[in-house]
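Some notes on the structure that comes next.
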Amino acid sequence: MIGGGQGAFIGAVHRIAARIDGDYELVCGAFSSDPEKSKASGVALGLSADRSYSSYQELIEKEKQLPADQRVQVISIVTPNHVHFGPTKMALENGFHVVLDKPMTFSLAEAKELEKVVTASGKLFCLTHTYTGYPMVKEAKQLVKSGKIGKVRKIYVEYPQGWLSTFLEGEDNKQASWRTDPGKSGIAGAMGDIGTHAFNLMEYVTGLQVTQICADINIVVEGRKLDDDGAVLIKMNNGASAVLTATQIAAGEENNVKIRVYGETGSLEWQQWDANTLVVKMSGEPWQIYRTGGGYVSSFATHNTRTPGGHPEGYLEAFANLYHNFALCVKAQLEGTQASPEAQDYPGIDEGVRGMAFIENVIASGKSDIKWTKFNV
Amino acid sequence: MIGGGQGAFIGAVHRIAARIDGDYELVCGAFSSDPEKSKASGVALGLSADRSYSSYQELIEKEKQLPADQRVQVISIVTPNHVHFGPTKMALENGFHVVLDKPMTFSLAEAKELEKVVTASGKLFCLTHTYTGYPMVKEAKQLVKSGKIGKVRKIYVEYPQGWLSTFLEGEDNKQASWRTDPGKSGIAGAMGDIGTHAFNLMEYVTGLQVTQICADINIVVEGRKLDDDGAVLIKMNNGASAVLTATQIAAGEENNVKIRVYGETGSLEWQQWDANTLVVKMSGEPWQIYRTGGGYVSSFATHNTRTPGGHPEGYLEAFANLYHNFALCVKAQLEGTQASPEAQDYPGIDEGVRGMAFIENVIASGKSDIKWTKFNV
Amino acid sequence: MIGGGQGAFIGAVHRIAARIDGDYELVCGAFSSDPEKSKASGVALGLSADRSYSSYQELIEKEKQLPADQRVQVISIVTPNHVHFGPTKMALENGFHVVLDKPMTFSLAEAKELEKVVTASGKLFCLTHTYTGYPMVKEAKQLVKSGKIGKVRKIYVEYPQGWLSTFLEGEDNKQASWRTDPGKSGIAGAMGDIGTHAFNLMEYVTGLQVTQICADINIVVEGRKLDDDGAVLIKMNNGASAVLTATQIAAGEENNVKIRVYGETGSLEWQQWDANTLVVKMSGEPWQIYRTGGGYVSSFATHNTRTPGGHPEGYLEAFANLYHNFALCVKAQLEGTQASPEAQDYPGIDEGVRGMAFIENVIASGKSDIKWTKFNV
Amino acid sequence: MIGGGQGAFIGAVHRIAARIDGDYELVCGAFSSDPEKSKASGVALGLSADRSYSSYQELIEKEKQLPADQRVQVISIVTPNHVHFGPTKMALENGFHVVLDKPMTFSLAEAKELEKVVTASGKLFCLTHTYTGYPMVKEAKQLVKSGKIGKVRKIYVEYPQGWLSTFLEGEDNKQASWRTDPGKSGIAGAMGDIGTHAFNLMEYVTGLQVTQICADINIVVEGRKLDDDGAVLIKMNNGASAVLTATQIAAGEENNVKIRVYGETGSLEWQQWDANTLVVKMSGEPWQIYRTGGGYVSSFATHNTRTPGGHPEGYLEAFANLYHNFALCVKAQLEGTQASPEAQDYPGIDEGVRGMAFIENVIASGKSDIKWTKFNV
């Protein structure tokens, strides 16, 4: 693991997610840009001192020199955005598979560069767009794909958070500080941190792509340097329209990402707070409640579920599904076989490039006086 | 009553709403543009033949000639939009109070003309924006006004319906036919029919006014002549931003108008399907559930409630609140007194003018290549 | 109307319910046992002084002497329980139809006596078990009847209220005072006031009858004279078992009566706070949400609905359904025709007798050391 | 681990729960009563062949002979009920800490015997009553303890499942077979499997103890040998009354265990399907929604939470909380220190003895003609 030392939120989440299904063992790490802290974090996490490295460069170089059956196989990179590209590129080029936190890079240019690296490396790459790991999100995608609701016409996706309602970055809050710092986060704040999740969720569930956008991007909290709120009107490549909202100043809200997809004959609704429920509303029929663990769901949902219906699985399990599917694909590659379609269904480099394109396009649109702008990748 | 004969939806709703609190008695009507049908409808509704008129003109003329203690006092006008202005103007100018269904007129020009008529007449005028009649919507307004959530920063208002997901106007459906006919509905379809409700709800609850908009207006169903879907980015007069969506092609949806208002310190959430609940989310505190009938709610909520907490009141009661408050104001005027602030809190000519401005501005913005356009009244 | 003067809750509810569909006109009343108050209440409600009677006896006698086309046709009796039998019997025997509030009488003996009076009179009789007036409760009954969930095996019905959590009868609260007074309420408190509703709802929806009970009946609040809490284990006449709970000391609760019925192949769930929803859970299938106004519901649900899906109807509309159906039956009798099965589906004397049997059996069981006691009628 | 081979549900759950927080490593196991299967399961789970034992006896004997720093420290026992006592006793007496699945033993006599063994061994013992591991269940307990809702007066606890609605044990279903087999499950079916959970949840949250019961215990599905449904009237040691229901024939239901606790001034409500929410209803105030991760919750809730508010944690995390807290206590014992009160808050031998008492008392009451029977331990 690279990144994820003390005070980090997402590093701990990655570690839990990797552990849940027993596919991974944490064997080495470079947990901080501060060499001392990095080594200390490793030891605190139970690693041996010699594999608690002082930097990601050292980690990659030293691990590479270990015998194949001892060296780390998959490197998780959970650093702030500005330290995504470097270690990912180096890891891939040195023969390691990579799991990377989102958004993928600091800029779209880096993303495209990374795309080439991934392709050239032949290594596997996973980008942790967690929400697509939920069984009922997978079910939603499969239902759309099956034609259940007909051609998609309208999409609403929203991601409201309230934790940045005040000037938290002025209060020595590590999470707030890097996320609102253009030098670490990139050109976007909320749009990068959670807007990309909403964007990914929308494209994942519908199988459609954004082609035009019109964005209202705001900095609401005084003194903040990056956007903390935004709303985007969208056109999709099948002619459907969409509305995406993402905000971090929705005081009182937690983290309830939600999507609604309307087709010609019915619609789907999913939201994280009731993550094991997918509401299916067909015109002229009683609404249907699909549930995680139901015997009637697709193999994609079932494959990503551990317990019988009614034993709620949550965010950590969704995250673990990414790790588990990635592990199955890594194993298949090792064995020279093909992982199942269900296992291959995790976000990767394509989603990463489109996510970075979302960030650049949406920030540009926010500054533009032109209404509709083409979504450039 | 003018309009509301057989096959009409909203006419029957008005009659129930007027009856609930026992303030009104239906004494005369012109229920259809077809003189025969008009008279027949009146008799079917239990009116005497001589007060079942063949046209609204006849109604107003004949009733005016009756002795003051026998003639109708309040005229409800529930015709399609293109027959709003004429009878309303004539009724007011002939000394009758008027309750009018929304949207107020066929055009903004008519609306402004009507504004002058109302002022000149000295008569009372109510526009039935039903949703502002709900006790918990009134509570939301009072909480915002009290400063409970601080300065408003963000508003989401949505109105999804699914009933026009197909080309219903091709199937001899009276409701669909006039609502999608530019000659009867005006320049807007969904934006006029339900967008105006969402707009009114937003301005009512927040006490703010829209100043700029950027609209995506769509005709989704092939062959339809008016918009059936739209989304609007909005700027308010205090600097807050908003997103308004209204659609009639959300297959599977019923009629769940919903509003969320985010202030500096907390937020409010209300939706019609759970109309007796107002969710209050203050930063860093447990969420609060305000309920119709709760002993802690404002006088505005209590005044508009008939039963103790837990006895759900719904759409018809919200509608009845408009009628009841209007009756209290009519009585007060008759008695030369002042109705209570709670009774005076019903939508009127100002809301009607702004609603028509919304229609014209939003349709214009939908056609414009310019991103932000000023909201002109 | 008899009873329902100032300070009364249910009298006003009856008046609204009677008005909603325009079937009734309030023409006379005896609103209080105090002759002065009775007459004053009538005038305050807009009645003429000569039909604002000083007692129910006077009302019945005087009205009987009016010409048939002027006299009252239906008498609503909304007095406390100890004044149910007398006026109901007198009204029926003098040729008036009666709508009576529940529980039907002061004792089971009175109930059986009244049964004979109703039969002998040839007049129509309605007992206002409101909850059976909800469209989705009617739908539940029809679904059970249709065999949708197979043979019923288990029933849970609950009625939690919190308003009597304190010794409210010591605080000059009219509602609390008579309901906790054995001289006015009868032998039961909560079991009579709300337990009978739960009992009726259970027998109505399932079409089954209680045959054995085992009750835990409590007086929780110190100083109270009648039960304010109870739970009952039940056996039904098809072998199913049930659990009925009713309490008025559930601090914080409003009035959320709820029923769940489990059959061999699926189950039904309805609760008042979300009254327009009926949850249908079939084994091995997605859950289904039936909604008031849905095009797929039975004629019994549709007949009792006024607005399209998504316009919530509530408690007053459910109550109004009883009045409206009763009116349809009264009209049919007048016209010598037969009302529709949907119109005839309102609670009457049979439900009243069984409700009084419930009260007597459950209080007896509460005092008994024997576990299962036969449900005697 | 002892038990939990192929086809077992709860074994896999234990393994995930043990892994989530990285406190445990699976080092050995005896996974089946069939020696071949047992060893094969171990290898399939990635264990070395020499620590994949053929029986629990072998496991305990062999592990005991390993050097202290190599041998297993904690043994998880996840066998059917009839194989709980033997391995637990042997493990404790041979110096291993034990995590045991519920219900604790085959009989109350065994439970009391085990109580002595635990005490004598000085080893730590955890019984996996999962539901008490939820943060919001812990919060509920702390709120009751703090006096928030006053003296507890009424408790409703329910545990509805539908999976045994048919004669599943006739269809070669391993889970159904042993749970309905008196030789493996003991004298109770549903009451042992899920009734004990409901019982434990009730005593845990309220801090009260059951003193008298009156049970209705049923075998609903024809041919079944053990109860699959039951309802129990209960008296608590502070005078409160309660109703406990548990059923496995609630067709259509999943696993929604729910508890409501009513005190003098307010109430608490929690249910598993919305596990991160605790509803607090104080008389005369807006309802409050406490949420996992909220800054205002007790240290007991926070200690058992991994992610910020709005990232739903579920059943596996609740289960993991038991394992994690147990690990903290094991570590503390190793280090000669005292674990925190939060860490010590996991179910153990006392809860196990009371749970077995519940089974024996409730089955006896179900067969008795006497109404109230004393709860004997």
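The letters A, B, C and D name the chains in turn, as written, and every chain counts its residues from 1.
The rule is short, and it goes like this: contacts are C-beta pairs under 8 Å (C-beta built on N, C-alpha and C of every residue); 3 or more make two chains touch, one makes a residue touch a chain.
The structure displayed is predicted, hence computed values, not measured ones.
**Q** Counting C-beta pairs in contact, which comes out ahead: A-C or B-C?
**A** The comparison resolves to B-C.
**Q** As a quick test, compute the distance in whole Å between the mean CA positions of chain A and chain C.
**A** Averaging C-alpha atoms per chain gives centres 55 Å apart.
**Q** Centroid from C-alpha atoms only, then distance chain B to chain C, rounded to Å. What do you get?
**A** For chain B versus chain C, the centre distance works out to 35 Å.
**Q** Mind pulling the chain C residues that touch 2 or more other chains?
**A** 253, 280, 287, 291
**Q** Testing understanding: with touching defined as stated, what is the shape of the graph linking the protein chains, line, ring, star, complete or other?
**A** complete
**Q** Please output the residues of chain C touching chain D within their complex, sorted ascending.
**A** 149-150, 153-154, 156, 158, 160, 162, 165-166, 214, 216, 218, 220, 229, 231, 233, 241, 243, 245, 247, 249-253, 260, 262-267, 280-283, 287, 368-372
**Q** For the complex, which residues does chain A have touching chain D?
**A** Those in contact with chain D are residues 9, 12-13, 15-16, 19-22, 26, 46, 161, 163, 253-256, 272-276, 291, 293, 306-317.
**Q** Touching chain A in the complex: which residues of chain C?
**A** 280, 284-291, 294-296
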